[in-house]
Amino acid sequence: MSSPRWFQELLTVDTRGKGFTDITPRLRAVVSRAGLRIGQCLVFVRHTSASLVIQENADPAVLRDLERWMDEVVPVNRAWEHDDEGPDDMPAHARGALTRTSELIPISDGRLALGTWQAVYLWEHRAHPHRRELVVQVSGTD
Amino acid sequence: MSSPRWFQELLTVDTRGKGFTDITPRLRAVVSRAGLRIGQCLVFVRHTSASLVIQENADPAVLRDLERWMDEVVPVNRAWEHDDEGPDDMPAHARGALTRTSELIPISDGRLALGTWQAVYLWEHRAHPHRRELVVQVSGTD
Amino acid sequence: MSSPRWFQELLTVDTRGKGFTDITPRLRAVVSRAGLRIGQCLVFVRHTSASLVIQENADPAVLRDLERWMDEVVPVNRAWEHDDEGPDDMPAHARGALTRTSELIPISDGRLALGTWQAVYLWEHRAHPHRRELVVQVSGTD
């Protein structure tokens, strides 16, 4: 019998300021609990100064390069009008606009269909540590 | 009884040239009509010179900063080859490539699971007003 | 009778180095095989140095402009730390971070609900030809 189903969990991630947190193991755990054979995993960040990217999981220099290069694309010391929440706040919104609020990953044979070198990262764009909320939703069928 | 369902509506948005239109109230209305408890809301823009972003809904200076900064990332007066439709057309495509053609938002307890400060914006990238078509699709279960 | 269903296919695309491959005809074929009336088509790239964009399908100059402009946003001859796999590898990751790992397109009346001028492109960011794997997943109902 094939009966489509929907599951949802709230994830909390404590970031350490600007940089990447690999959330792939936590997504795999949700997918495993859902017990579906085919479907999709939606990850949604409930913030506008942190975002998602799927990037290489092998060489940590890739993440260091992305962080430094993004600081050049979105400079902190540009004359931003919105600066009430600190000089790093508006650049964080701009970095969020360039990356993703949600990612959607297919599930094949009960597992995330990521490529060998792919990991899903929460990208914190604020300078200081933040507690971030993500909705993870798995849907699909047996 | 849990019976998964799919709903679709076409939204028309009249833009006033470059800038943001908050479409969150219209998405909430579609989600409310669909009457699902858990699921997702897909928004899809049927154009390549307007796009979507989820951004802060509190201080309008955030949107002004995004607009001015995006003009620096994608300059209008670069030597673009494609210029038959005006000098603002090719920059509009590039701005579209950097942002999103679709956004996907989870539905929890019958409501969009957006964060407190998140709104969904249609971002018009052309200089003049345009009529834009968006497909809004809600799927999920009771 | 309305019975939600999920289909999945693996697509292989041989790229010719930096540039765009229009995969819309292959997506239409999968959607046609699935035979659903309403739903969605998810495309997911299983790589971090190639990505997806939905862009204009009419004037090929648009794609040439996007390619040249992206080379300015993400310069190859910046001092990247990660360079073991060649000078084009880290820029390819950065270009991937700015564009999309997945695209999600609604299905209306059994067809992709793309706008008249929209096509779905696989964007190869490496200098040399690569074989790329994409997961295409169609879900929806009669």
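For clarity, chains are labelled A, B and C in written order, and residue numbers in each chain start from 1.
Assume a contact is a pair of C-beta atoms (placed from the backbone, for glycine too) under 8 Å apart; a residue touches a chain by one contact, two chains touch by 3 or more.
Computed from a predicted model, the values in this text were never measured in an experiment.
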{"item": "Pairwise touch network: line, ring, star, complete, or other", "value": "complete"}
{"item": "Chain C against chain A, contact positions shared by both copies (same if over half, else different)", "value": "different"}
{"item": "Chain A and chain C: spacing of chain centres that average the CA atoms, whole Å", "value": "19"}
{"item": "Multi-chain contact sites of chain B, meaning residues that touch two or more partners", "value": "4, 73, 98, 100, 104"}
{"item": "In the complex, chain B residues that touch chain A", "value": "2, 4, 38-40, 53-56, 59, 61-62, 64-66, 69-70, 73, 98-100, 103-106, 108, 113-115, 117-118, 140-141"}
{"item": "Chain B contact footprint on chain A (complex, rising order)", "value": "4-6, 8, 42, 44-48, 73-74, 78, 80-82, 84, 90, 93-94, 96-98, 100-102, 104, 133, 135, 137, 139"}
